[in-house]
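Notes for the one structure printed next.
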Amino acid sequence: MLENLNLKKLFPSQNFKETEFVKNIRPLAKATHNDLTFFDNLKYKNHAMSTKAPICITTKSLEKFLPQKVKKILVDNVLYELAKALKNIFPDADIDFPDNTLKPISEKKFENIVFGKNILVGENVKIGKNTLIGNNTIIEKNVSIGNDCVIGNNVVLKSCLIGNNVVIQNNCCIGSKGFGFIPMKDKNFKFPHIGKVLINDNVEIACGCTIDRGSVDDTEIGKNTYIDNQVHIAHNVKIGSSCMIAGQVGFAGSSTIGNNVSIGGQAGISGHLKIGNNVKIGGGSGVIKDIEDNQIVMGYPATSVKNFIKRNKNK
Amino acid sequence: MLENLNLKKLFPSQNFKETEFVKNIRPLAKATHNDLTFFDNLKYKNHAMSTKAPICITTKSLEKFLPQKVKKILVDNVLYELAKALKNIFPDADIDFPDNTLKPISEKKFENIVFGKNILVGENVKIGKNTLIGNNTIIEKNVSIGNDCVIGNNVVLKSCLIGNNVVIQNNCCIGSKGFGFIPMKDKNFKFPHIGKVLINDNVEIACGCTIDRGSVDDTEIGKNTYIDNQVHIAHNVKIGSSCMIAGQVGFAGSSTIGNNVSIGGQAGISGHLKIGNNVKIGGGSGVIKDIEDNQIVMGYPATSVKNFIKRNKNK
Amino acid sequence: MLENLNLKKLFPSQNFKETEFVKNIRPLAKATHNDLTFFDNLKYKNHAMSTKAPICITTKSLEKFLPQKVKKILVDNVLYELAKALKNIFPDADIDFPDNTLKPISEKKFENIVFGKNILVGENVKIGKNTLIGNNTIIEKNVSIGNDCVIGNNVVLKSCLIGNNVVIQNNCCIGSKGFGFIPMKDKNFKFPHIGKVLINDNVEIACGCTIDRGSVDDTEIGKNTYIDNQVHIAHNVKIGSSCMIAGQVGFAGSSTIGNNVSIGGQAGISGHLKIGNNVKIGGGSGVIKDIEDNQIVMGYPATSVKNFIKRNKNK
């Protein structure tokens, strides 16, 4: 957890005193009265208007949506300034360096679990009782796994907290850095990813999935949600509980999916969307707009089933 | 192989005698006069009408399609009752527990093959002569591999039978549990998967593919079929011989694909479909209906090339 | 590198003398006055007209496009004859046999790098200084990795040359054989792949990507290009510099992508296309035609954004 970040260290070129601190850097809606936040996208206007954060990085054109009492750090490129600030504090969060604390798992330390061959475990890893772990699996430092879980072979776990009774099948990569960077002519500026992946109880994740950790926020998979093979979940995505995500579905970053949502194979969900509860999305659909609760949609761009049938009539 | 399943143990709440047995649990079309079968989907009406099985789990609304002489076990949710019955008999088939019989491969036991480092092999594994196996590969119990095969690195093989002259490239997962479960409010009921993956002679499977084992039936890849990188093949899918499946294609469960079928990259095939012989499916297509022999289709939903061109005219 | 290929050995059934040699086999546009080339697709007519190669395998219907002075080897199926010729010279290039020179990485030999556990390295591998390598990673013979790179866990590197400051995340397969073969009734003829994958400086490749090596040409990723999770790049594809390729994008073989191109998640690019510089391709699009510089396209088939909106109006 982040705590007591020195603002002068975060933003050397801004006019902060050595003694000014924030507790954490968090998105608009999650920031408390001790946190720094950032506002770079009109989509989050409502979050901006009600943010509790006392300080916010933003642009000249967006500052008007923030409460008066919020101190604004005005910049041209919010994400670039945020990335630079994070890099000052977390110099290793922008590249997935191999964890240098990894050691072969020790039977003494993890006595109530069953595990295969060639497992590597980093510092401060917690694994609950009755959990089984396959072979060649890597569990990096600070990862926590609950009770009664089954983790497959060739899995890489990093920066994640896993609940109880979770199944993660072979060849999954959980908690890798998301696809975030500031484009630069010859050498992009990599966005530090300080978030985690939170996987709640009873989740099942099939083979070959990738779930990236959050950038500033966390990525989260709700309770009892099942995810089929080769699904890609980008940074900051939140998936609700009891969802069914079929094979090869892809989620771009920062979308929020409700509860009891079912998504057919190969569908794609664009970034920064809000999908309601009980939504059904047909296989192969491309969702590029928010969807309200209880809707059934299909096609690319995804539309109601009624429209989809009309769209393809006589064709 | 399953044999002599006690019906009272399968269905404790039904009125079976201790002495009633079936030999196996099999789909409608494959069940013999000793097997239990199940019928839950009107799509299989014709199979139901001609099934040889003496006992069938089905619903009140479907039972009329079954021959009179078939004893019906009437339930509300066929797959749930079947899942519970299977779970009674195969308590470990609903989760891919790591194989606890795995040991480093022994040169003595497998003397006519060439293999790399850190290979693990389970009990009762058979590997044919002149087969080569890469590094970090896991071959779980009861897997059989033919002669002259090449298996890559980081491959996980489970519940599968592989013919001769088969190539499986790096990071493939063959035989994992399919994406099958009965949705439940807080904790889904996982469907036991007792089927296998059958891979016939001369097949080539490129990197990062996932081929799930069958639930009650088997998943099968026909002779001389070639499969490109990152293809996902769900449970119970049957692919014929000499097919060409390009990269990132996905098959939902239980579809049957003919011989000499070619499928372009990223196409998706919905579940429970029948695709004929010599069919060509354009890249990126979404197939949601059966396709007859010799058709060429494109688009989403996939349609004949003629229609596809018309659909996109002046656009 | 290929040098001094004996033409009689390449084509035993042709009328070559024992003393006739070419230096290399290269595509039309790249062949020098010492190389053999091949011409099988009208798309490359312009390349054919200006090729420098003295000898070319082609068909009766295409030979007219080649300069008069070029010696033509006329065949029915160019790729089949080329495949057979390559197989004569490179008998092991048509299957990815595990590298039998692999050994556990030696601290003595690679002293300026940091590496994890269970890493295997083949003969003649070069790794630059300050490079970090994760666990269970396999680096096959002749692979070269530059300075300041970070290679993740479970990565397989084969037939590739990697520049400086490159990041390759977990579970990637770089340099595997492409999906190329001559369909045959019972046993396809596998096309030997003698090309490489060239990855230029500052590239980032996220988890679970597959980048196949070239067949006769090379596959190439330009400087500062970033590639998200689960992207598939087929043989001979060239991607320019400073591109952004989002998750699950797929490239069919032999397409050329310009510089500063951004491609949204799950988009697909057909084979043998030319995409210009500064092109933006929307997520989920299917590109089946060349695209000129500076265009923004969406949909399947991909079209200008203006057309895409019109296409979906009132729908």
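Each chain carries a letter (A, B and C) given by its place in the written order, and its residues are counted from 1.
We adopt the following convention: a contact is a pair of C-beta atoms (placed from the backbone, for glycine too) under 8 Å apart; a residue touches a chain by one contact, two chains touch by 3 or more.
What you see is a predicted model, and the numbers here were worked out from it, not measured in a lab.
> Would the interface of chain A with chain B count as same or different, where same needs over half of all numbers used to appear in both copies?
Answer different: the two copies use largely distinct residue numbers here.
> Angle of the rotation mapping chain B onto its copy chain C, from a C-alpha fit, rounded to a multiple of 5 degrees, please.
Rotating chain B by 120 degrees superposes it on chain C.
> Could you state the distance in Å from the CA-based centre of chain A to that of chain B?
32
> Tell me, which residues of chain B touch at least two other chains?
118, 136, 154, 171, 208, 230, 248, 266, 300
> List the residues on chain B that touch chain C in their complex, please.
Residue list for chain B touching chain C: 114-118, 132-136, 150, 152-154, 165, 167, 169-171, 202, 204, 206-208, 223-224, 226, 228-230, 242, 244, 246-248, 264-266, 283-284, 299-300, 312, 315.
> List the residues on chain C that touch chain B in their complex, please.
95-98, 100, 102, 104, 118, 120, 136, 138, 154, 156, 171, 173, 176-177, 179, 181, 183-188, 190, 208, 210, 212, 230, 232, 234, 248, 250, 252, 266, 268, 270, 286, 288, 300-301, 303, 307, 310-311
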